[in-house]
Structure formats: structure tokens, C-alpha cells
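In what follows, subunit A forms one complex with subunit B and a second complex with subunit C.
Moving on, here comes the complex of A and B:
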């Protein structure tokens, strides 16, 4: 018995060694396979991939590879461009939008894409009431005069409506056949679409498990230019350090996010790697609490806090060349910085209060932790008593439920849903807005925001939003710290990076080439 | 082993699970997050958020929610994850096989290494002192350090092992019936996949098992050395039995009780370490699920995963009790 035990043990231990050595031969290095690009996600796609429900950042590029919107943006710009609609018109009263659809588009399941499919998809998105459904909140009715034409009537003018239809969260067109065949009861196929896809994009989904991995294959019947690379594989690698190790060794080809600015120099030094930086609408923001003291009732305390926090220094120290210090109220992608400059909070001054200020920051973002630490130092030098508090994103959303009990100040990263100021100003500054985390409620500002959204003339709307932005900034409620770049690291063998500034963490999959 | 033991353990399991559920539920209710907002997303309108709040019964008093939750759990409904927006039970069913496979592999390593190293160092052989010092050093290395070192050296520098995941192919070439890749690959006759899975399993299992294995070995060594000084061991030697026969044939069985107790306790430590190991190696199991759930304040998922981990711990300790009773007849009356 003992001898047998010993020999079994020796065999087991030897097996581990042999496995290691044998493993060398079957390395999972994908660098030799030019038809497969491997991308890392740090997490599963929150809430699944139903485009009417999906409202996260992890997963954007995958969703945009599978589904399409009526409009999109030109690369590296905020210019609207044709998507599934080849042209569009707006009525004089700004309430009727007519879209002419592309010819010969089919869904991945073979169903032709026509105006009825667009109508069904939009109506489904409204009925599902997912996070992005606010973009269709003013839709009154949808007409389909012929298979290539969709007419959408709104209850009121919405100056952001075209941008909503180009947003990465904008209403996607889904195969009505797939919805009908896979609906369970009255669920509108929500369950099925959370793990399956039936879009018109350049890729189709061939494997999906909620906790990963995900595999996309080139859709050969795609109506536009076919995808350059046959297969895109996504693996879940939770830790950015592990992601970088796998990128260096060739097991991964592309990291679209999560790279800390401090990691950029060492990545750039690696001859097998490249780092691409793109202008993007990603902005860390300092938010002050209007529902408790000292900031709720004292504008001077707010101004002093912003001045003493020394936000330009924070931007410089934390982000270096991967960002520019914020100089405008709204990200410059949405309104020219000159039209809505950040007000000057004045020189640093002595803290007007000895009250302890809790400064919350998002626990999953190391840059925000560092920003909070730098800010704490600057503030304490002026006599502020600052305590740092790490909160999850969900906990930060929770601030809005009872802002009086939330931290007196918080820093969080925000991004606009589309290249329109409405997608920044409305959720952050409007009473009850989805990103109005710390209790701002200003009826005058609410009215101004509503009026700007309903302005028909494009130039007048832009002017109205610039005025709102200036007014909003003067409240010191939400002050931008920096305008960050999208930082993407890839193997040197990858090319064809096409990026849209408001599509965060996204490079267009169909353009990627591996040599 | 009597029915009283089984029933007693089952009742104990239910009490532990109820206590865990209650504690985590109460903790979850005081966390300053808003699940309705988290479900609905950042730009969602107040109407959508309010609808979610009603769906989740967040507008109900805490006691009402607790009673409903207990009733649902009794029926296997662990609520819906805020993060994945799937039933927590489905998420757990997907994650559990990966974790059990990792735990089982680690337990095998703990048993084999603990036994061999413990027995080797118990005798005054040449080199046992070096091994003993190595034991002490090895058991002192935190799991996360060990995992990162293993990853850096054995994956990145030497390329002997993969960085993470359960298989090279994406997705794994077998899907079911058990969810255990080793078993499923054999059941489907895919020997390549079996070895590939074993290759992927090696590093995380070794990382998880090393410290418990060395602690078990130390406990066994100490217990064996004491047994080898007993009268019966002296008698055995006087009868002409070799030192090896005395060790393996007589002293070992009498020395297993202490190490088994340590083994049971270490199993708890392994369960605690599983979140770290799975996160480092991207192992899609319960540990990674818990880590994500905590990071996103996903209270339903945290409660569900805590219940499963608690159940695994209680069951494993019951198994240890039974094994101890088998090894030591004096304990059978207690069992």
C-alpha cells in the first residue's frame, strides 16, 4: 500500500511536470493565426447583449460588430454618417424624420432588412424599457410607406434625435423573425437575445456564454465592405496586469481599455507592441453634493473647494499625456471649448469650513484613486479635512437615491452617449437625470435644458446648449478634471484602427487587420 | 455512522445557511447602492427606475422583502443578478463546476503533497531539514504572491503553462454533460482536450493547494514524530520491522487525526483564497463571480454565492468528520 501510494504520487507529480513541458508545444500563442484576433475583456457583458437592454461600456465593440443603427459617425469625427439609413430628412417643425434605408441588407438569419423591421425594432426597444430607451421617449408613431422608407414622428422636436440614432447605445435594428421565433410569452425575446444575436452587422455571433468567452465570425452576406478578419475572439481576463502579460506573449492581440497612463511608456518600449491613443469623450468629473452641507447652501465653499483641489495639477499628475486638462464645461467634442469655457475658480484660499469632507471615488478605476489622493493633498494644504471613500459604480449610482447621506464630494468618470450636448447636460444637470448623482435641482436650469432639446434650428440649438453649459458650470456642481484619450494597446501585427470619439473603448472590428 | 449524525449535519447545514443568508441580506440592505438604478442604467428615466424598483420590491419594508426572499430561496429562486441580469441560480450553476474542478484538483495535491512531505520530514533522513525549512517558507507565501509569481515565471518567462482560462480552444470544444472539463472531455473521448484542460488546471490548482499542503505536511510530521516515539512503535521495531514498515504500517494511521483536522480548517482557507486564484488566472468559477459581484455591489449575487460557498464548506467538514471516524475508531461513538 505505501509503495503503491508513493509510486502513484510520483506519477502525479511527474504528470504536472510533463504537462508543463508538453504544454510548451501546444502554446496558445495566437500570433501566427492571421485570421483570428483575440481581444480581452476584464468582465462579462453586464446584462447580456440584447441591444435594447445593453447599456454598459464593456461590450460596446462586440455589440457594434453585430448590430447596426440607422446612422453612425465618420471615423475620428462627430460628423453624422449613413448607417442602415443611406439618407435622412427632417421636417421644418423638427418633429418628423424620414429615413431612406440601404438596399439589399439582410439579417444574419437571412431575413431581409426593411422598414417594417426598423419599426418593429424601435417599438420593441420602447416596450422593453431598457436603459437606452430614453432615446426613443418622444417617439409618437412610426410609419412605413414603403419597404425602404421609415417615417418617425415625435411628440415634440428633439434636437438630439439624429445623434441618438448614431449613438453606440442608439436603437439597433433586430431581425423580427428572430424576435418572433424566440419570444417566450410576452418577453419580446429578451431572454433569447440576451445570449444570442440577430443583427445586420459585419460579424455574426457563433459562441456566447454569459461569463465568456465570445466568438464572432465574419458575416459573408454583409451589405457593406466585408470584415477584414474572419474571427474575433473575446476572452475574459479580469486583471489588467495579466492582460498585458498575455499581450506581450502573443496570446492576446488587442486591449481596448483598462490601461493605466503609467503603463503606457513600458508598453511603447516593447518592439512587439503598439499603443494607439484616440481623442474620446471620457471625462473624470468632480461632483459636489447639493443635498448636504457645506456645498448645498454655500456657493463660495463650492468655488473654494474646486480652486483648492487644483484640478489642472490632478490632470497633469495622473494622466500625463493621455489626457488634456479640462477647459470647458461640456467635453469639447460636444461644444467648442471656446463657447463654454470653465469659469476660473480663482487662486487657492483657506478652507471656509473645518467640517470633514468625504470624497468618494470609483473603486474599480485606479486613476480615480490617484486623482483622489492628489486632490486630498492639495485640499489639506489649504486646511480642508478630507476623507477618501472607495465606492463601486453601483454604490455611486446609489448616491442619487438619497443624496443627503452621500459623500459631500465625489469623482467619477462620465462619457456622453452620443456627440450631442444633450447626452451630457440632460443626465448630469437635470432634476432626476440618470447621472445627477448628488442632488442638483434647479428648475431654471431644467427649463433651459428642455428648451435647448426642443430647439429645431441646429445653430440655435447649439447656441442654447452653449448657454446652458456656461450656466451649469457656474454652479460648480460637476467640474471636469480632464479629457482623456481612449488608449488602446495591440500587437504590432495589428492595423486598421478606426475610432469614433464618442464610441468609448471601441475600434471598428471590421477594419482590423492582422498580418 | 448513524442517521443521527447525518440528520444533525443537515440541520447544522440549514442553520449555517440561514444565518449566512440573513447576515448578508441585512448587510446588503444597508449598502448605499440603488439596485433599481443599477439595473436600469445611467441614462434611464425616473419612470423606468421606478418600475424596476417595484419589480424588485425595493419599495417594500425590509421585513417583507426578507420574508419573500426566504420563501423564494426555499424554492431555488435566488433572485436576479444586478450585474449579469440573469437568475443568480443560473449564474451559479454555470460557475460552480469550474470551481469544484479546481477545488478537487487542489485537494488531490494537498493530500498527496501533505502525505509525502509529512512522512519524509518525520524521519531523520538527510535533507529533511532543508525540506522542513522550505515548508515553512512555502507556507508563508501569500496566495496572491504565489499566483503572480507562478504566472510570471511559468507562463510569461518559461512558457510552460497557459496564463489562464480552462482551455486553449475558444470556446472549449466540449460542452457538458457535467461542466467538469476533465470528465466531459473523457466522456466525449477527447483525450487532447483532457490533457489541455489538465494543463490549464495545473497552475491555479498548485497555487491554491501549496500553502494548505505544506501546513498539512507540517501537522502530519509533528503527529508522526510523536507516534513514532510511542510504545507500540518501539515494540514493532523490537520485533524487527523496518523503520519504513513502522511508519507506513503502524504510525501513519494513528497520526492522521490532527492533520485531518488541519485539512478541514485549511479547506476553509482554500475557499477564501479561491476568489484571488480565480481572478489571477481568469478561471471562470465562483471565486471570480464573487469578486465581480462585490466590485459591482451586486447583493443578490453575493448572497447566492455566499450560500453556495457556505454549503460547500459545511459539507466538506462533514466529510472530514466521517473520514476521521473511519481512521480513528474511538471517534465512531461520537459520530
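Moving on, here comes the complex of A and C:
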């Protein structure tokens, strides 16, 4: 018997020792390697890194390090800036876009980039029909009058087309040589590109295992400013608590997302760490299921649910000063809040149904778990019968496959694909939209969205989208909870943070410096 | 008292352990402490709704408050009272472990008894099934079953019970085989005592002490297993107060608000440790009397 007590005590002391070492490890950087920056991901990249397929959030900084779009945005801004296209023109009817490409651009495999490569990449993205392919849905034909010029003809004006090409999900230019050499049958090299890369970006992919690590090395023939740091290494650390421990101990250098707002003060107190916050179009959103009951057929139930959920109180409780309660239909980066205010759902009232409501939330985001728990309390106080369900991001994207079987309500984080309201409203509210997870289908709204997209005049398009935003909000389909910042935590030795508001969870890898 | 006296046909045997005296003076301090702790834990678990100062699921204060007079173990990241959640979590963990052990032990008892008494091909088939169950990694299978059934406390308990009974079946079968070769069993069988009565009056009294000891010693490991599954998100969905889930949710705050994760972790340690010590004590009490 004493042996059992001794062995139990030994185990306890060992556990305390390990904890102590882990804790003490926070005081210094355990890696003296200034040529490698280590970043954590919480999960594998669902679907792989084929830029024509990828439509998640975690993984975008990696993809933007490997591939480039024709346009981009200025840092800390939604102003369009040259990418692989150094200049562009739009015809008066809004249907013809002419892009002049950058000079002397080479793919990672040595193939020179030219207009034919751009054409092939766009046509591949259309054929693959991935999540981002909606951005090319109106492309009629692509001409290549010379190696430096690409002319894209659209079937109709698309007010968001330039922003589509600057989007972090925008069509990327992929080496046609790599596609041709690695295609299996008619798969357009999807299988190969899911785990390999052939872009023009400042980094090239030197190692990729689906479960990590992913290793990027500086591409020495990059056409622009070379990357500051030689190597970027991603490892998968599923739990944000573990990520923070590893950041404190120096095993990781940078966390680009997942930081709970309540963690910020503690992280800022650590002299070896820094926290950066950037304006971003990140919105936790409450989505109601239109494909099943009670919300599919009862507008009063939808309104009552939103009223009883008390979203402003949820925002206050969960985010405090780290986010502002949502007051507009669309994130204010895209349309001024006063032009598309959220309607008032009215005061809290008794639940109109006793049906059990399953409220799903993204399991990898602790703020969403807290939001769900706080919301559940508010709802149950009004007589709703609410059961919480933790789902992965992949599972939430899977709702769209059969929304009738999905939870009756869900909380998820959404972000606009680019700095244009079309990239919020179209994917979320349009029938069959890539982010229309829970079965909304409103022909009238679809028509309004299409009409706004096809508006040539910039000001008229903005007005049209504001009206669409107001109409969309009245459906209570996807109601914003808060407007959050991007929160990045890093070792103090890291600098060179370059952030675009609509590239969420992304800092430009090539600008990062480790001292 | 002799372990069992051979009796003439038709006479009832002296039931094993029926008049066993439990001599507590044989126990060491640790075992006694374990038993006292188990008794206290049971009282606390039963009385949790009366003891807990707050509703474990309600936001009752600001988030992440330090321990104070109002909140003995502070509040968590949703403003809930950690102490109240810990009490309810203890209740859930303790009674869940008892339920799994009880059901698993009873099922294992049944299988072991049938195999041991019937022998022959029945014994062979049942024991091969049992061996297959023992060969599989229990916690991994429990996780797979819980995931397949969906995250809920009941499904997790079912999953763990499914992988837990083989051990008891194995032990009981062994003890049963030892009992059925004794003269009193033969005498009863020859006297025409039926299968069910044979098991009830002539075998179960002999194997129950072993079963009780196994179950009690097993409780500690089971508590850890259930807490581990809850930590992985396979228990009752949030915001249910479960010790493992509470530790998991508190992990990211370990170095800033440590009480959120440490309080439930310490309780799991105490539960498992007390169960182990009490089980050892029970074994010492029931052995060799």
C-alpha cells in the first residue's frame, strides 16, 4: 500500500515539475534561429492548398506567401494596389478589363509568367469550380494579345471584379507547366496542387505533410522585394492553450488568430511577447436555418430568437473592449454603418416554440463557445429549449450540403472575401452561395444582389448594395454579433507586421523579420 | 471460519463471506483516509445542489474574477462560479464512474458466471469474445464509440461501459471456475439444484468479494478515463459542468487565471486517489478473513 502512495506522489511531483518547467520556459526564447519563423495552425488545411479550391481562413497566409493575384490592397487599407498586374483599365460599359502584367516574373519551377499563364490559371479556376470560383462566374472569354497583356471580357458588368482579383481568395496565377506535368487524367492537377505549389510568390513550398509541418523557403528569383526571413515553418497545434504555452516558451514565434480577447492583457504583460491588433472585417454571426423548422417557415420565430439572444449583451460579455457590437447589416469596412443599419428585433419575449433548438458553434474558437453559452442563458430565460453543439469549421461548411439536417441555428465567424459588399452579401445570402450554410433561398433577394453586382457606376453600385444589405438584414438569416479586430500575438523579436483589413488572420510573410 | 465446508447433498452451503468480520484495524492510515474521503465525496456529490452557492450554468459575476469571498474559486471566462461548477462536476464524475463500474461489473459478472459454470464451448466462445475486448485499446475504442454515438454524457458512459466489462468477465470466470470444482458445488448440482439457483446460492457469494475489490480499485482509473474523454469534448455538451471539460476550457488561461483549470484537475486527482486508496483498503479487508 505505501508503494501505491509513493508512486502516486512521484507522479504528482513529476507533473508539477513539468508544469513548472513549462511555466519557467516562458522567460526566454528557446530558439536562437533568426532565419526561421514558426507559426501555429489549429488544424490541417481542409482540402489542401490548391488555390483554386482553398476557401477557408486558416491557411491563407501560407497560400498568399506562395501565390499571387493580379491585384492586391495597400497595407492597412482597402485601396487597390498592383499585384502581378502593374496597371489596369476598365471599358466604359464595365465589361472589359485590360491588365498589364509585371515584367520578369518567374514561377517557382522556373517557367516565365506571361499572359498565357494567367489565362490558363483563370480557366483552370473556372473549371475546378472551387469555393472562390464565383468570382469568375461572369468571365466570358480571356484574350492574350501579347505576353504582357491580359484582356478579360465579362458577360455583364461586375462592380466587384477588381476587388475579386485583389481578394485573398482571388484567382491565383499557377504555373501551367506544373499543371500540365502533374495532372492525373483530367483532374487539372488538383491532387498534386493540394500538397504542392507552383506559384510566383516570395516563398516556395519545400515541405508539406497534411498533418504538418509545412515549410516555406525564400524564393530567390522572386520578381519583387525578396522575403526578409529565410524560412517559415507551420506546425499544427490544435489547442490554443498549447499554442500560447509554446509561444511563451519560444517554441513558436507567431500566432495569427485564435487569441481570446480575455487573454490579451496577460499576453501584453509578458516582456517577451507582443500583441498587435488590426482593423479587420471579422464578424461572428448568428445564422438561422431556413431549411428546417422553426425558422424556415416562421419569420416571427426568427425575430424572437434574435431578440431573445440579446446579441449586444453577448458582444459585451464575450468581447468587452476588444470588439464593437455589430450595428450594421454588413461589416463597416464595406458599407458605412449608417447606410445599412441592423433592424431592431424588439424586446425579449417568450419563446414561440418548445422545439429543441440546436445551436452549433465553431469548436476551435473559444470566443464562439463563450458566445454560445451566454446566448443559451439569455434564450433559456425566455423559455427557449437550447442545446449547444460544437462543430469543426469543416463540419460547419458541410451544413450547406444538407442544411435540413444541420443545426437550427449556428454561430460562426465570417469575413468578407474582399473590400466590396458583393463579397459579403453574395456568398452569404445568394441561393447556393459559398457561405450560404443554412439554406436561405429568396428569389427577390437573389435578383437584387444580381442587379447590384451588374451596376456599372461606382456610386450607384454602392447605393444598390446598401439597399440590398438592408433587405438582407430583415431576413434575420445572418445577424452580426460584433465587429472584431485581428489579434496577433508574437515574440518580441518579431517585427515587420504588414496587414490588410480584409486579409484576415494574415500578415505578409515576406515582411516579417526575426531578430 | 473455514472458507467453505463440504455439505451433504441437499443441504445449503454456508455462504461465503456471509459472516465475514471486517476488521478496520488492519487498515493503514492511507486506506482509512481514502475510505473517509470516499464517504465525504459521496455526501458532497449527493448534496451538491444544496451546497453550491450559485447555479453552475449561470453567469453570476464578471468574467475571470480571482477567488474571493463571493466566489471561493473565482469565476470562469463566462462569469460562472467555478466552485459551484466544481461541486456539480464532482457529482457528475462520481456517479458516472459508479454507474459505469456497476453496469460493467454486472455485465462482466453475468458473462463470467455463464462461461465459468457452463464450461465447454460456451466458455470458449464467451472468453474469446472477452479476449478480443481486452486486446483492443480501451480508451481508443471508447473515443471511437463516443464519436460515433455523438457527444453526450450518456453516449460517453455507454462507450466506456462497452469496453470496460471484459476485464470483469475475465476475473469472474476465473473465480467461478475455482468455485465450481469445489465439493459443495458438485453436491448441489447432483442434488438437482438448477442453474440459476446454483449461480445465485453457490457461486456468486464466492466471487462477489473479488468483484467488489476489482470494481473499487478500478474506480480511480475509470474516473481518469471519463475525465479524459470529457477533456476531449466527448462528454455532455457545453455548458455542462464536467471536470475534464472544465480543465480543457481553462487550459488556455493556465498561466493567467490558473484556478479555472487547476480546480477541476485537483478534484479529479482527489477522486481518483481516494478511490484507489479506498479500493486497496477494501481489498485488504476482504482478503484472508
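Going forward, the second predicted complex is superposed on the first by the 416 of 515 C-alpha atoms of A that agree within 3 Å, B and C clash if a C-alpha of one lies under 4 Å from a C-alpha of the other, contacts with A are read in each partner's own complex, and residues count from 1 in each chain.
The criterion applied here is as follows: a contact is a pair of C-beta atoms (placed from the backbone, for glycine too) under 8 Å apart; a residue touches a chain by one contact, two chains touch by 3 or more.
On a predicted model such as this, the values are computed, not experimentally measured, just so you know.
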item	value
Touched partner set for A:43, first subunit B, second subunit C, both or neither	first
Partner chain(s) touched by A:363 [first = subunit B, second = subunit C, both, neither]	both
Partner chain in contact with A:245 - subunit B first, subunit C second, else both or neither	both
Which superposed partner A:224 touches (first subunit B, second subunit C, both, neither)	neither
First, second, both or neither for A:260, with subunit B first and subunit C second	second
Partner, of subunit C and subunit B, that touches more residues belonging to subunit A	B
Partner chain(s) touched by A:132 [first = subunit B, second = subunit C, both, neither]	first
Subunit B versus subunit C as contact partner of A:372, first or second or both or neither	second
Touching partner for A:207 - first (subunit B), second (subunit C), both, neither	first
Touching partner for A:147 - first (subunit B), second (subunit C), both, neither	neither
Set intersection of subunit A contacts, subunit C complex versus subunit B complex	1-2, 5, 8, 12, 23, 26, 239, 241-242, 245, 248, 363
Residues of subunit A touching subunit B in the complex	1-2, 5-6, 8-9, 12-13, 15-16, 19-24, 26-28, 38, 43-44, 46-48, 53, 55-56, 129-134, 137, 169, 194, 207, 209-213, 215, 233, 235-239, 241-242, 245-246, 248-249, 251, 363-364, 391-395, 397-402, 405-406, 417, 423, 427, 432, 434-435
Subunit A partner contacts - residues on subunit B that touch it in the complex	31-35, 37-38, 40-46, 48, 51, 82-86, 91, 94-95, 108, 112, 115-116, 148, 151-152, 154-156, 158-165, 168, 170-171, 195-196, 198-199, 202, 206, 244, 247-249, 252, 279-282, 284, 288-289, 291-292, 295-298
In the complex with subunit C, residue positions of subunit A that touch it	1-2, 4-5, 8, 12, 23, 26, 239-242, 244-245, 248, 260, 262-263, 265-266, 317, 363, 366, 369-370, 372-374, 376-377, 387-390
Contacting residues of subunit C [partner subunit A, same complex]	28, 30-31, 57-59, 63-64, 77-79, 151, 233, 237-239, 248-249, 251-257, 269, 273, 276-277, 280, 284
